[in-house]
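Right after this note come the structures.
Across the two complexes that follow, chain A remains constant while its partner is chain B and subsequently chain C.
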Partner chain A sequence: MRLIHLSSVFPLLLASVFVAPVFAQDPPSEETINFFARNCASCHTIGGGRLTGPDLAGLTERRDSDWITQFLIDPKGTIDAGGEYEQRILAESRGVYMPPVPGMNAALAGKLIALIEQEEQKEKSQFAGVQVSDRPLTAADVKKGRELFLGALDFESGAPACVSCHTSASIGGFGGGNLGPDLTAVYSRLEGRTALGAWLSSPPSETMKPLFADHPIESDEVLALVAFFGDEAASGLEQSESQSLPFLLMGLGLAATLLVIFDLVWRNRFRGVRRSLIQEARNA
Partner chain B sequence: MDVRSQIGMVFHLDKCIGCHTCSVACKNIWTDREGTEYMWWNNVETKPGTGFPTRWEDQDSYKGGWVVDGDELKLRSTSKAKIIPNIFHNPAQPSLDDYYEPWTYKFQTLFDAPEGDDQPTAIPISKITGEPMEKIEAGPNWDDDLGGSNIYAKNDPNMEGLTAEQKKQMLEIERISMFYIPRICNHCLNPSCVAACPSGALYKRGEDGIVLLSQEKCRAWRSCIPACPYKKTYYNWSTGKSEKCILCYPRLEAGEAPACFHSCVGRIRYLGNVLYDMDKLREIAMRPEDELVDAQRELILDPNDPEVIAAAERSGIPDGVIESAQNSPVYKFVKLWKLALPMHVEYRTFPMLFYVPPLLPVMSTTQGDVVRNDVDSLFADIDKGRAPLEYMAKLFSAGNLGKLRYALRKEMAVKIWRRYVTVGDISQADAERALLEADCTAEDADDIFRLTALATTDERYVIPPFQREMAMEMIIDPQELKAEAGFGFRAAPKRS
Partner chain C sequence: MNDFFLFAVLPYVSLVLFFIVTIRRYISTAFSYSSLSSQFLENRQHFWGSVPFHYGILVVLGGHLGAFLIPRSLLWWNSVPVRLVALEVTGMGFAVITLVGLVMIIIRRFANNKVRVVTTISDWIIYALLLVQVASGLMVAVYHGWGSSWFATNMTPWLRSLLFFSPDVSFVAPLPFLAKLHIVNAFLLIGFFPFTRLVHVLVVPNHYLWRRTQLVRWNWDRKTIRSPD
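Moving on, here comes the complex of A and B:
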């Protein structure tokens, strides 16, 4: 019995020694996935097609890991020093360099490459991006998008209206908030419907992510907003008009009005005694 | 009966010559420091006139004193509701312009100026900014002797309520008729400054009722400044604390009269303590205006009454203080003879500085080059004085003509009596009739004369024994720091 046991166990042990390297690639850590989601997914999909940046599926076949690591650490330097391939991807991105990624280093780059490799083998990567319907957009969509932007219509999930942090050219008045960027040309900036839709479906920026993580924008709302931003971009404006001067003037006007009101309300206030006596005597 | 002792004062205005010696004595001792240049703890005003600060009696502007509201006495300047909106600024304060911008002169130029066509001039320099002043526009006694100023006399708040004829009469005679009122802190029985202070910096000393302002507790809220109807608390812009007359308590504790009293060349000032009944104060403070003079006299107790003496002893008032109250000239002038009246008692703070009203020269009329007065005897009817009695009554008896007339008539009667005694050109019958009309006995007339004209320092200033050494023992053990720290460490008042 004992022999049999030993002999039956041995091949298993042996097998484990050979098989181990195959499974040595650990599943990517939560940290790496989060990092990708936070820093990469807004511009890149893995197998979901091009957004602002190229689809990363097949990246490791296109370039070796040294190049990728080098690029991640210094995107602009790598592109500028590079040849035909580098010029092509720069042209595809309409001359926009990938911004340097904060906290990037060789070790992290290695982890990201491993993540991309694993994700591209999946049938559908978790970073395939969100597919936005490609039905034609109507004037009704633009109207709804506008209402959503201004907060006249609530997002179903209860997400805050765009106007609280952003402005856009056509909304008039004193514009929207100044915390976030001006969204007049966001449609063209993000290169159209797909990328913008992807952004809106899961806003990745540091500011928006915590707000929208629990309150995602529904896909029909995304479509309406895309339609609205498309309409804004069609106006050809780059950004909304600055409202600083009218705002300042109105503030000054309001302050002056308040002073006048205070002066009227307290018109009988005490203003000293002697000077008015002298004045009275002079006038007499 | 809750008997307390309070230092009282009497200023005999019939004797005041308006020399400002008192003001200068006070200034030299107490207010020649930075930040206090504009303060005059003692000042002398010409009446009719607007005084210092300008029109201080105008409580519609300055909101000083108390008002009766239903069955309560309320401060005019502040309340629980008004504290918050006025927390950073009490609106009813006199500005520096209503006091005056203190100045000195650049005397050095008189010596340094290079030779030129003109005489060198000492230009005025502001004591606030240190810059030359283009024009001096006001001073603490700017309307001094200007009985007829068309700005100052005309705007005297006491003129309000006089008939048009009386006003005209005052403006006609304005050039030649006036009297002086020296003013210091009244050390009131019911001080509104103490009531208004949110920091509890102002307090009334238990043993003598002197109102003091703690330089350690003052937090510059300046609530006392509008609250005091006499404008006798002042804000020191340098230390950021308010200051006021301390009645020279260090001198009093050493048995000496305050500096302004001591220096008075006309010997118009009297000082002594009186006993009063604290239990009655609240009720008496609510009396109608024209009863207030009597009400305050009612508050002051007879120090010879055995019942009062017993009550005073129960309240812990030392025998020496009671004895001093029995000799007090203030008690005599105020309560016994009813000659001295409190100024503006209608503010209901019950000032403990009383004034013997002045007998003014009689009215005269000018016909061509002849000046004639309508008086057929040496001493005229008090009603023919140059200032209408209504005007004086507004100052000294809250409008009660009877109280004022009583005092003036008695003063006049004493003069007639003494004329009869010393010169003899008035008949005994006339003199006695005058005394009778004035509710005065011959003995009283002699006493009044003596205290008015002949009194020695000790008779004018009956300073109670303060026994600070005993009062001190209640707070600290005088032996505790013996041979350790002298008088201890004193912190100078400063912004902290």
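Moving on, here comes the complex of A and C:
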């Protein structure tokens, strides 16, 4: 076991030996800063408190860089194979694993660790948190959020409406899509306005990231959606009822109707020579 | 198998096969472009197989094509829940008759001796592929709705990226297993298509959709043809 463990970590150790000294001295490149902004900042701040994921200030004091590198490369594997600390951070995230980060490798992890170390020493990091306005939310915001959710109102960037893949309890009918999770309780699940707003500003999930990378949600739209989700959460419902069965039954009903129509349209279809001769003889 | 192979290599392999072999087959043996109908051999089960299958698949394929060509219009249509449900139920209804027809076709091929004799290996393979395709599509519709919307948001950008020769698998990589199965099987079908009777799709006269069924009369004397000399 010990041998296997060492051999799997060795390449990472080797990489960090080469990478760490280089980036500890140099300021983080624009590329690294952009990477952090696009992939990390929607769930993590540096010194701005917890969002969906933990505040990364002081990370290198809590864990060594080998652990961080391994975690970045395989978040779920590291948590599952880990001990008390790993279980605690999973519990703090309400059992949600960090999604795998596309393009992550030991070299990039080293750059990100260096960036975090430099940012946490600043008085106020540029990643102290996405600023979601704290003005009071109104009924007009809820209405706008609802329209954005359903797609009745387009996102300015041309991003797709939430309802394509998500449902929520109040939208009625057969609900929204279920490719993504039910969003009825997302406001309380992400613990309110700040984390939800940050999440929406740059959706980090594997499915949403490619769609929203070039079509971000504008800050006033984020606020409207937060208002809508806040209103949904106030209903006290955990999730909407599944509508798969009534949908399937309606589909089956339509199919049966179509088969009856085919039989009627082609009621004089050719069924065979002999059969009709016998029928005629019997009728005579 | 990794996503890159399945969603950035396999589609091109299938499409290259599709174009080269269909064209080559048309040039070398144009008369092999036929559905090889077995309606003469059995025509009662044939009606309940062929008719629902063909009308079903035409509407369902039309829906897929629409989501690819006019995704914005589709998302606009789906922005009113009643319209979304109407579209999805219509798709589901036609998908169910496609499956009913296909199952009837397969049962007929097994159960009828005359028809089984004229059924080739490539027919069995194409039936298996079609069954996986239609069944997986129906399951996606039930378990991962609303496909008409997320096809337009996730599938269309991926298909466009294929079309412009810069495949971006990140749009499809996170999709659930059933959806991936449906996509991969679709490209297996496209790749296998030119080797099968499905090529009739490319030459079908459109008036087949509304013309009356043909009545075939044998133009020979049965008594003489049955006599040994």
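Points to keep in mind about this one:
Just so we're on the same page, the second predicted complex is superposed on the first by the 163 of 284 C-alpha atoms of A that agree within 3 Å, B and C clash if a C-alpha of one lies under 4 Å from a C-alpha of the other, contacts with A are read in each partner's own complex, and residues count from 1 in each chain.
Methods note: a contact is a pair of C-beta atoms (placed from the backbone, for glycine too) under 8 Å apart; a residue touches a chain by one contact, two chains touch by 3 or more.
The model shown is predicted, which means the values in this text are computed figures rather than measured ones.
Legend: residue contacts after superposition of the two complexes on their common chain; A:236 is shown touching neither chain B nor chain C. Applying the stated contact rule after C-alpha superposition, one finds that A:171 touches chain C and leaves chain B untouched. By the document's definition of touching, both partners, chain B and chain C, reach A:269. Put simply, more of the residues of chain A are touched by C, taking chain B and chain C as the two choices. In the superposition on chain A, contact of A:277 is made with chain B only, not with chain C. In the superposed model, A:210 makes contact with chain C only, not with chain B. In the superposition on chain A, the residues of chain A contacting both chain B and chain C are 269-270, 272. For chain C in complex with chain A, the touching residues are 43-44, 47-48, 51-52, 55, 75-76, 78-82, 84-85, 88-97, 100, 141-146, 149-150, 152-154, 157, 168, 170-171, 173-176, 213, 215. Residues 269-270, 272-275, 277-278, 280-281, 284 of chain A are the ones touching chain B in the complex. Every residue of chain B that touches chain A in the complex is listed here, in rising order: 50, 53-55, 58, 61-62, 91-95, 97-98, 137-138, 150-152, 154-155.
Chain A meets chain C in the complex at residues 102, 150-152, 160-161, 163-165, 171-174, 176-179, 205-207, 209-211, 244, 247-248, 250-255, 257-259, 262, 266, 269-272.
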